[in-house]
Amino acid sequence: MLSISDLCFERYFERVFEPVSFDLSAGSLLLVTGSNGCGKTTLLRLLAGLLEASEGEIHSREHPLYAGHNPAIKDDLSVEENIRFWMKFMGTRETNTGTELCQQVIEEIGLTPVALQEGRTLSAGQRKRCSLARLLFCDEALWLLDEPYSNLDREGIVMLDRILKTHLDAGGACIMTTHGSLRPEGFELQECHLISGREKYSGTAA
Amino acid sequence: MSRQSAGTAFAALLRRDFLLAYRRRAELLQPLVFLLVVTTLFPLGVGPSPQLLANIAPGVIWISALLATVLSLDSLFRSDYEDGTLEQMVLSGQSLALIALSRTVAHWLVAGLPIVLLSPLLALWMNLPEEGMSILIKSLVIGTPVLSLIGAIGGALTVSLKRGGQLLSLLVFPLYVPLLILATSAVSSSVAGLPYTGQLGLMFAGLIAALTLAPFATAAALKLSLS
Amino acid sequence: MNRLYLFFHKTGSPPWFYRFSGYLIPWLWVTFVVLTAIGLYLGLVRAPADYQQGESVRIMYLHVPAAWMSMMIYGLMAVWGFIALVWRIRIMEVLIISSAPVGAAFTIIALITGSLWGRPTWGTYWVWDARLTSELVLLFLYFGVIALYNAFDEPRKAARAASLMAIVGAINLPIIHYSVLWWNTLHQGSSIGSSGSSIHPSMLWPLLIMAIACKFFYGANLLSRSRLRLLRQDHRKRWVQELLSEES
Amino acid sequence: MLSISDLCFERYFERVFEPVSFDLSAGSLLLVTGSNGCGKTTLLRLLAGLLEASEGEIHSREHPLYAGHNPAIKDDLSVEENIRFWMKFMGTRETNTGTELCQQVIEEIGLTPVALQEGRTLSAGQRKRCSLARLLFCDEALWLLDEPYSNLDREGIVMLDRILKTHLDAGGACIMTTHGSLRPEGFELQECHLISGREKYSGTAA
Amino acid sequence: MSRQSAGTAFAALLRRDFLLAYRRRAELLQPLVFLLVVTTLFPLGVGPSPQLLANIAPGVIWISALLATVLSLDSLFRSDYEDGTLEQMVLSGQSLALIALSRTVAHWLVAGLPIVLLSPLLALWMNLPEEGMSILIKSLVIGTPVLSLIGAIGGALTVSLKRGGQLLSLLVFPLYVPLLILATSAVSSSVAGLPYTGQLGLMFAGLIAALTLAPFATAAALKLSLS
């Protein structure tokens, strides 16, 4: 589904992380680990196509779905209006983009009590859930999730694991970052440990 | 991959922009009131002589329109950039030029059109002779979309910068110069009884050119700002 | 082919440029100095004073070349910007941003010398003449490019933003020029048209020589700046390290 | 050190969470738990004095130190300059506000490799560390920490626990929120489980 | 609790502000260039007649100064608000009025003072007669601090709003009107050979009043925005 070879990225003409290579096949989950600041977010943004690699290559036939730190929620629209907009703009798995699907997504992601609340008023966890709602209606086979567990409560973590399971079982794939304290449970996973370019020379953790 | 058709995405975006504008409908009045306030400053600053005011009226009205537009440009892409919406839009695979155009259209409808509608009042205030009125309106109808289109390029270039406001004005004002000159000279000519269709024609040509080129420049700038 | 091309432009180019420009720069400087000496001698000593304007006409030998340079450099920036954006060639990004201050400086020189010249000839430092106004707008365009570049942290991103701005500005520059020209004549009539009174050869030659000298100055200055910028950007890169160890 | 009784907060004339009461004595750690959106952040901001309680009372003689989601880092200043500014502005435990103390703080919080980097360029975890640096030089006895573990890597979590331990042993106190998946380890702690006002009536999780 | 002394905190804050300004020193030029660009728009808009320009010169220069100030006001507290610095400052227990004053002083130094320094060039461009020059400068020296002080109140009131820019201008322009009238009439009077000390005196009184009252109003507005 995705294979990268010797990928690396330079900033200010210096490597952010040491070159990485991996292959990802359908149905598998790759966990990108590493200490704070080693370049996990940078790698994911590279894979999403938001940054351009300075060396190495990305082979992929998939158009990925990227969910980063930035939730893409409009402050002035309600949760429901936000989700509805993204459904219209990105298209959905089902042909139906109507109200029922939207209701269903909101229900499943656990935001029913705040469905009519404006984006600005959401708590940190509600915000995260709202940005993850995209996983439920988008059709992309490759998911790039940047610390999807952060700010979620226990219930939310279980929910996310369930969504992920369904996705992988249906032949999707997922690359996920984590700094190691929270990790998906009950999955077979590949792991890619990133080494920051700085660490390599100095030998200290960034 | 169920890529949405461009038309549907464009419509969804426009719909969202109107919804947002409606949510903050109090803010819709702000460009108008800004225009009123700035125009009021002139009689206060240069003195109330009707003859003098009539002389400078087209210039003052157009300059106020430029200022009002530039002030509203900064927020054209900023909120979408800051909350990550722009990122997602780019990743969605929809044409960025189309997204840029849709935002520009929405911008003109909420910031440019009101200026056109308010201009008769301003002209009255500034003692603009009546012959000039209809040309003033025409020049604004043709000119304000160009302001939005060109301004969008500047807005896209500065969207990733923290304090883009003044830089933005530095970037776009020089580009507005031809428009300002053509428009004010059209109005003055009509007041003086001279022909003015030449100027309006040139402005119209500018509108067509901006409409075809600016969205692509804006898209390139957006792409750049995101990287 | 494509890989080779990419390799050439991404890694091969800066050291090559550095070395090549190293050979070129001394010659450019020498030519500039020689031409300037000749031009100044002809202009300030040999050429006659104007029968109307007196000695002040000698400002021309600085003013006119500077004005020409200001426009030429902006045009070049647009060309390089286009190449930088389309083919992602780093040297072009470096060139465009090294050109901007030189261009802005020439513009300022043209404005200041023009103002100083205007005082004796027109009796005022500044009028809103078409040519003056468009030169001023050109200065603002330069400022815009420079300010935009400085506003970004990441040099490559900054250079690409500046390139885009330079291109947009260049498309507008002729439009601005003609609209301003037209604006002024419409309102006022050509009161100050510095219409080319067919210049006497004794004044034309120094002028042309100075104009060419300016181009050499620009070339030398541009290459020196670009080298410095490359060195600073790549100071951790291998080729710079090798260079340093060679020289020390 | 701090005692609150029947504290609650209304928004749009509706209770955000059910009234809470607790006493906090010197040397103890209180963990505020609850699902996403139950009002933990709101409670902490109340205690900090950034919001005003609508019912109940807060008795406290302490001026607290609040570290919330918003890191108070200037984008244009380097990590070192940021920390130095806060040291000057807030005052420090030691009388010395000089370079050594600042270096020491940076070292201890694990930001030495990025000490000269501008705030804007920090990764999520580095940002969190930088905002937690305040804990190392401020003198306040009562700490209010809103999800201090989020975005930290394993090493960072251990570091934070160590800092916390020192603080509590020295007679300080701390109130910390968490949604339950990450919690301080090896501490004796009180727990306060928040119940959202909405939950009480509807019976669904927010 | 080791509350820092007010003096040290004030100094630290000013130092930080200068450091920030220095970091973005390219931005320091922006108010200046904005002023230049806006002033240039007027001849382009109203025509190049030197007599007309001289007539409107004091008004145009002052209005441009108002606009430049207002544009830079939006960022006065915004960045501190958005990254949580303001919150921490309030919690630190330092006097909020002092914090407000310190920010205002920094603002004047980077946005007001440059206007004063640039004004002779603008006056030259706009054909202002030489007699008016020194009064123009004096009026700006007294007036621009008032612009910053009053503007800070508006900046503090709108800091929590997403798109504060235009609202801000609505709030502060009306407050600037007396200043504009006094200043331009002082300059015009001096050009016409009439007495002008009365106007300058009033402006000075305004400066004193603003200096004593505005920081407290700003502090109250900040407190309000944070809650």
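Labels A, B, C, D and E are assigned to the chains in the order they are written; within every chain, residues are numbered from 1.
Simple rule for what comes next: a contact is a pair of C-beta atoms (placed from the backbone, for glycine too) under 8 Å apart; a residue touches a chain by one contact, two chains touch by 3 or more.
This structure is a prediction, so every number in the text was calculated from the model and none was measured.
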item: Chain of greatest Cα-centre distance to chain E; value: A
item: Chain whose mean Cα position lies farthest from chain C; value: D
item: Rounded Å distance, chain A centre to chain E centre (Cα mean); value: 45
item: Separation of chain C from chain E, taking each centre as the mean of its C-alpha atoms, in whole Å; value: 35
item: Rounded Å distance between chain B and chain E, as computed from the means of their C-alpha atoms; value: 26
item: Per-residue overlap in chain B, given as positions that touch at least 2 other chains; value: 24, 79, 162, 167, 170, 173-174, 177, 181, 227
item: Touching two or more other chains - residues of chain C; value: 137, 140, 143, 147, 151, 180, 183, 187
item: Chain D, residues touching no fewer than two other chains; value: 69, 75-76
item: Partner chain B, residues of chain C touching it in the complex; value: 85, 137, 140-141, 143-144, 147-148, 151-152, 157, 160-161, 164-165, 167-169, 171-172, 175-176, 178-180, 182-183, 186-187
item: Footprint of chain C on chain B - complex, ascending; value: 153, 157-158, 160-161, 164, 167, 170-171, 173-175, 177-178, 181-182, 185, 189, 206, 213, 217, 220-221, 224-225, 227
item: Of all residues in chain E, those that touch chain B in their complex; value: 24, 27, 30-31, 33-34, 37-38, 41-42, 44-47, 52, 55-56, 58-60, 62-63, 66-68, 71-72, 74-75, 79, 162-163, 165-167, 169-170, 173-174, 177, 180-181, 184, 188
item: Touching residues on chain D, where the partner in the complex is chain A; value: 34-37, 40-41, 69, 110, 112-114, 122-126, 128-129, 147, 149-157, 179-182, 198, 202, 204-206
item: Chain A contact footprint on chain C (complex, rising order); value: 10, 154-155, 233-234, 236-237
